[in-house]
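What follows is a set of structures to go through.
What follows is subunit A paired twice: with subunit B in the first complex and subunit C in the second.
Our next item is the complex of A and B:
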């Protein structure tokens, strides 16, 4: 498994494309389309968190939805209580990150094997689902926010201009926020991976024993990666809640946990663009299926996954990338030499 | 290498080191001492416990009993990264390399711990030169031949700049020329660093060894000058005899 040879040129290209989408989309599609794309972006941020910890950190979290959902709920509860959305957004990142740090500490310092990390994270999101699902009634309120059990929390206040609770964001503002956040997260993760810290993270994925024999404490690195992943997922959850002004326990559910894995697998494990495109593509597919009655969405999703795992196991982006590499003359295709240079 | 330690304190000392796997006693009350800058060869038949002993020295296995000291500090049961930070590097019997990273990156990760980027780069380039890998720095390590992968691993160990280097069968899978080059490299490394080398290839041992320790069934059978070890009847019986047969 090699990391895609995305030197700084590939990275700049992706960021450029992100900005074109950020400013271009509201010019060319209807308001409905922009709102639609906003939820795709929320899912893409979620997918980035999964793709980062799994594809680069080698951490098999099958319950990344725990942090996604936590971000959504933390935002909802705190914005209802505070009014101004500024601190709630930060809390929606910080609380899931802290929760990930706590959980990660027990997993990585407790020497839990990789497979059990998958089981534990999955269990955690199912527990959260059940707990939040059973919070109906007046008893379960935090400050002024009623958790609402399986009915969820409707009418969550939208984002606002920091410091001005009355200047609430409209759908287009929310789009700029969401897409801006996605670009920022991408730049942040790219930066981390390009740093020496990031090289060690990838080295741990390749061979944890060797990393430890070189004197690095792999547990600390994994803990940090998992914590960052938790914060990114939380931000995705915050965007998701803003998109519909609504959040319910299904965000913690199995479907949510599985969906993000599919985004990453389809887009390409071990890349960052892959999970983003995977999220966009699958979400688009689901939205098309949703408008007609013949096909069941879950069935199609399942079929897509099976097809990818069997036919394109590396995912879309690595395949397309190496295809381009074969078509272009060698010096443009990013040889190993250049990779080593770019990352050294 | 860094501190002038009085001769009285050995670089490495194992006392009664024992490793049990269920009923199997892989390493049985081994007492072993290595001086600063010493080059020691460790031989013994398959299953004698050589690799297990190395794993105990590097923290990959926690000894069932006994003590391991590095320059007097008790490191028994310490984590591998802790022991590595105390200046121990190992090339394991089954290569532990980063298959999905380039040769350069493999060595760079090893060179870069607690060093500035500039000095990490310098160490990486020097090490690649020293191990003669400069021609293939961009290649993915997973795609290299076995002998080259061995050298990449040796390069990572060197780039780590340890005071004690453990090499578990460094010449395995190498061509004759590569074996010669490895022997030469080991002698060169020994000008500044201590080594323990496990090898089955007796010709190779003769090229590098002065003192040889022979393991058999988890215990030290003999420890002596290479010439006397090769002439020793007990050693011939358990090991050399088998190979000649």
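Our next item is the complex of A and C:
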């Protein structure tokens, strides 16, 4: 699908870059910069979940923000009730994954088309938005946690050292957690894709009927991919909530759902680095737009989405990589393509 | 008794609203298998046209029944020419592009008119059901919905244009071989669908808050209903609207409007597990 090096060499390079960023950033950037990067990383984890299920699983989820938001809310509600953040983090992964599994069962075992999957997932996230939006007032409390409706939940307790609720993470610790989680998720997804399971998943994307005829139950594979994607998105939501100690229903909204698709589309479909870089780039763009008044963020995001679908449907990372490949001596370009064929 | 009557009337109004919102989406989906994610924004534009025209002194009925559909139909035409026509046959890309358009339209309208809620008051006053009083405007909505369905049916069944459209829908290559230009039919259908969205926006403007993000309030229900209805545009949309509209109204009556939507979604997801092609994928397959 793409000519990006996804073999072990490219993979190691990405992980190395990740570690450099993990330990290097707090040394060179101000605290404000680190906090800013933390939210970019939360979005990058979110983008990885979308990039994984869409680019490799071929599952057209338009409502990945449902799992992202669910992760955030599950973390907020459970950490307020429990105090210690260890189990809430796990719950923030497990609950969205379970929800994805349930939703995926109805979608994939009904064998509905891609367009239907897109519409149903989109509808789910819009309705979650409406539901959470309407939960203001004392009636809607879970344990000690008030859902807060449109205003969201402020003052969500931060992460802490497992077992020691008083040893709360500061902004720098949260950065290490977030970036560490991003690297782990990347390694995990790369591992999955390199495994036998991952190869079947990519084969289903390429030709579902043929894989079915070979005796694999495509529905089960898609369900598992979707579930993993839900869990990863939930982790992203957990990081996002930690970043601002705040979560509101906007996280389920249409803009949030579109944003993650834009990350993946801009970065490159069928790659894992692409969505991460796309998330960084678009989030940076949005933060710039936020500082001025003339251009509306929705307008810019919409224009970017339309432009990429029409003009650069394969995304920037594959385009740039093939550009580099053409400039480099043949030997290097060849290596890139071979590994791509072997892996992706 | 009066309460039952009121509930029945509200259900009918709910179904009529759903039919109005869905028809435009259903036309485009049934014809080209495209889900137009900018549909909600077309509805929003129709509402804006109506509000501005009415405030500028145009007769309200002219504004909502003529100006709104025509203006939004023209916008749909431009959108089809500039973006959608390059993407036929790429369903997912079309959805993404129309989603981008939807965001861009929200952005443009917000920049131009501000992120405020406008409104016009509903005309026609009210009438009694037993000792309850309810808005006469609901009767108007039901009437417009019925007329829209009948009109569309007549257009597709009884005119030459309708025949050509149905032929293109059934087999575009064969239609092309017989001298029809499918791209022009697609263009006309997209504009027609957008026009119906504009009509829905115009008619619903007095009963909903008109704001740049109002589309989001409609589209979730509309998408589910159109997919639940299946390939036959009119029959499918009508049956699914009746079914989902009733579920929505009933759950709303018992709880809150939000849980009405949740009930609708749950019903739709369970239904799609058993009828993946929608209602008319299984029954009434030969209907229109």
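Convention: the second predicted complex is superposed on the first by the 329 of 344 C-alpha atoms of A that agree within 3 Å, B and C clash if a C-alpha of one lies under 4 Å from a C-alpha of the other, contacts with A are read in each partner's own complex, and residues count from 1 in each chain.
The criterion applied here is as follows: contacts are C-beta pairs under 8 Å (C-beta built on N, C-alpha and C of every residue); 3 or more make two chains touch, one makes a residue touch a chain.
Just so it is clear, the model here is predicted, and its values are computed rather than measured.
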(message) By the touch definition at the top of the document, which applies to A:298: first (subunit B), second (subunit C), both, or neither?
(response) second
(request) Once the structures are superposed on A, label A:286 by its partner contacts, choosing first (subunit B), second (subunit C), both or neither. (result) neither
(message) Once the two complexes are aligned on chain A, which partner has more residues of subunit A within touching range, subunit B or subunit C?
(response) C
(message) Per the contact definition in the header, classify A:101: touching subunit B only (first), subunit C only (second), both, or neither.
(response) neither
(message) Under the stated touch criterion, which partner chain does A:184 make contact with: subunit B (first), subunit C (second), both, or neither?
(response) neither
(request) Would you sort A:310 into first (subunit B), second (subunit C), both or neither based on which partner it touches? (result) second
(message) For A:35 in the superposed arrangement: first (subunit B), second (subunit C), both or neither?
(response) neither
(message) A:22 in the overlay: touching subunit B, subunit C, both, or neither? Say first, second, both or neither.
(response) neither
(request) Report for A:60: first if it touches subunit B alone, second if subunit C alone, otherwise both or neither. (result) second
(message) So in the complex, the part of subunit C that touches subunit A is made up of which residues?
(response) 33, 35, 37, 83, 86-87, 91-93, 95-97, 99-108, 110-111, 216, 219-220, 223-224, 227, 256, 258-259, 261-262, 265, 268-270, 272-274, 276
(message) Help me check something: in the complex, which residues belonging to subunit A touch subunit C?
(response) 60, 62, 103, 106-107, 109-112, 114-116, 118-120, 122-124, 126-127, 129-131, 133-134, 253-255, 258, 261, 265, 296-307, 309-310, 313
(message) Show me the residue ranges of subunit B that touch subunit A in the complex, using the header's touch definition.
(response) 58, 60, 79-81, 84-85, 89-90, 92, 96-105, 108-110, 112-113, 117, 120-121, 124, 137-140, 156, 160
(request) Over in the complex, which subunit A residues touch subunit B? Could you list them? (result) 1-3, 196, 199-200, 202-203, 205-207, 209-218, 335-340, 343-344
